[in-house]
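Naming follows writing order (A, B and C), and every chain is counted from residue 1.
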Amino acid sequence: MTLATLAPGAARAAEPRPKFVTHQLEAWFGTNRVLKGIDMAIAEHQVTAIIGPSGCGKSTYIRCLNRMHEMVPSARIAGRVELDGQDVYGADIDPVLLRRKVGMVFQKPNPFPTMSIRDNVLAGMRLSRRKLAKSEAEGIVETALRGAALWEEVKDALKKPGMDLSGGQQQRLCIARSIAVEPDVLLMDEPCSALDPIATARIEDLLHELKKRYTIAIVTHNMQQAARVSDRTAFFLSGELVEMAATNTIFTSPSDQRTEDYITGKFG
Amino acid sequence: MTRTHTDREYEAKLDELRQRLVAMAERVDGMVEASVRAVVTRDTALAEATIAIDREVDRCELECDELCLLVLARWQPMASDLRSITIALKMVTDLERIGDLAVNICERALQLNAQPAFEYETIPKMVVIVREMLGDAVRAFVDHDSELARTVLPRDDEVDEHYHTVFRALMQLMRDDPTLLDRGIHVQSVAKFLERIGDHATNLAEQAIFMAAGKDVRHLHKVPRT
Amino acid sequence: MSVDLQPSGRAHDIRRRGNNLGERAFIALSVVAIAVPLLILGGLVVNTLGDAIGRLDWDFITSYPSRRASAAGILPALIGSLWLIGLTAVIALPLGVGAALWLEEYGGKSRLAGFIEVNIANLAGVPSIIYGLLGLGLFVRFLGLGRSVLAGALTLSLLVMPIVIIATREALRTVPGHLREAAAALGATRWQVIRQVILPMSLPGIMTGAILSISRAIGETAPLIVVGALTYVTFLPAGPGDPFTALPIQIYNWVSRPQEAFLVNAAAGIMVLLVTMLVLNSVAVLLRNRLQRRTRR
């Protein structure tokens, strides 16, 4: 009986399938427990936003999903992370192959400086396959750049270094690089925090397109951004999941006072 | 509501909006009270003074709307703040309508005062209930008290009941004595205006419930929610 | 729209004050610090060039040593040095870069890595003649390589390896962590991350290490003497197993002769050595700059 339930078709739409599910997920850096048992699901073909103050564990959470967390020395996890029902921390799982299924876009646009725009897009492909026919490579480059809404801007400059692009273009290049390997999930760690409002709007616009093909989890400091782009929003505080609900509900009438205080700007 | 906003300017603006709404509600409540008194005591001067107050109320409406727009543009409020702004925008409309209805009652008072006295005891009873509803709805909004707001809703039925009683009684009187027709219609209008004020007070109460609980209780029987 | 701005009437004392004596003195000191060694070096080169000018001709470069100073040339030493440098580069660079990669990317904080790190730091401080003794014992005698170019190059490789390793590690460390993460997040294995991202980015830094190590190797004398470089060679080494001499050895040999004419030969030899080093380094610097242009920013 909230605003969310009034959205047209909300009641009729089929319940989305969970893509990622975490059970009692805990994460440590050394002896510091940064996630304190997260039970959460990320629904397929939706944008799930994770908000919360700095140090609440929201970035760590998504880094546990593609096993990037463990790349930091002394980092470890406990609990269970399932991708389509499969335990991604199982003994038979290759984290390298997992990361091809679960792409990641970072806070700072980070195209590879030694590579051209074209080579950046193909960087991931070159890792997973030995040889690419030239025509096939061209097709992949165009599809990925179109998917990242960058093709029209760079189609005549594919040989130029990726670093020659503007910040917003670089970030879209990074998105193109991620989707070129055809992942199922895109994890985004504050992808717009280094971008100006116009570049941000382009990426947000792109997210609405991307979620048709991919499942997206986005960590953001910007509550308005979470409100704009996501279907569901999770609020983290001090390593705990305080509340997760439809974005419409979270930003109009959250049920937890801590969520309310955070999103209305009442700190400490 | 233990914590305050970290941004004190924002907090001050939201507080200012609350105070303006309360001041507007008090002014409107005063108009309702005075308008009915002007009818009952046949006080033409009071009726004219009350009609003049409506301009103040209109100004309040404009100022509140402007403040809401400014807060929306500058702070992009969320959650309870967002509800309070959107609700405030609706509340000023209801309050302004109540003010207009009080003006309508005063106009009837002027008409009635030009004719021989004709009294009807149910009118003062109605105004007591209607003013309580209005007061409780506004207090419930300010205090985020959905329980208090919920008590307002059934009282609207009481008001409707009173109106129908008045209507039937007046019909009977006018049928018996056609010379009362003119005055009877004016008194019936006053009762109708009070009944409408009750409806607006009910709207305010529903808005207060949404403000406090985040639940929209309007049109529940017509638009079911899952 | 006209803007009518009144100055606030407040006076700020933001005018230049004093003449920053401290800063000027520091700049002056820095200029002196760079000028003194440059002047000394310039004087030395000019002085040597003055001595050498009479003997510096094509014959000197293309002739074999002789008992007659005026007929003696430097060809075997020059070719020997080029052999040494080439072999040293081929041996020391892959090994040094590999060692640095292991230490930075794989070794982590293991005890073995710590042990190796301490050793490398110590090796960098060992006098070069000790390397010569090690080379003599290990390569010449134990491995039976004899007094060959290979034994000399292996010894020099040991000598310059710490330089290569340290420079390479520095270069690897300058690759931002977020690029490693970006590659890993694309599903790259550790080696793929290194091969595709880290090595291309750190190549300029590695080249700097190569330049430094070549400069060091080309001028080394002591270890070569110990390893058994010859001083009088009338043939050119045809392969890594052949005996050899090198520029610094030849120069050392001429300097220790009593005859004045051989001193002139030595001066000319020094000039050849200097030019060889400058040419090799210039090639390396050009190569590095080309790489850097690709990875700028």
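FYI, a residue touches a chain if its C-beta (ideal position, glycine included) is under 8 Å from a C-beta of that chain, and two chains touch if they have at least 3 such contacts.
Predicted, not measured: the structure shown is a model, and the values here were computed from it.
**Q** Report the chain whose mean Cα position is at the greatest distance from that of subunit B.
**A** C
**Q** Looking at mean CA positions, which chain is nearest the middle of everything shown?
**A** A
**Q** Compute the distance, rounded to whole Å, between the mean C-alpha positions of subunit A and subunit B.
**A** That gives a centre separation of 49 Å.
**Q** Need the CA-centroid distance for the pair subunit B / subunit C, whole Å please.
**A** 90
**Q** Flag every residue of subunit A that touches subunit C in the complex, lowest number first.
**A** 66, 68, 71, 73, 96-100, 103-104, 106, 108, 110, 112-114, 123-124, 126-128, 161, 163, 174, 177-178, 181
**Q** Please give the residue numbers of subunit B that touch subunit A in the complex, ascending.
**A** 3-7, 10, 75-83, 213-216, 223, 225-226
**Q** Hey, which residues of subunit C end up touching subunit A in the complex?
**A** 108-109, 176, 178-179, 181-189, 192, 196-197, 200-201, 294-297
**Q** If we count contacts the way the header does, which residues on subunit A are in touch with subunit B in the complex?
**A** Counting only subunit A, the residues touching subunit B are 1-3, 5-6, 10-11, 223-224, 227, 250-255, 259-261, 263-268.
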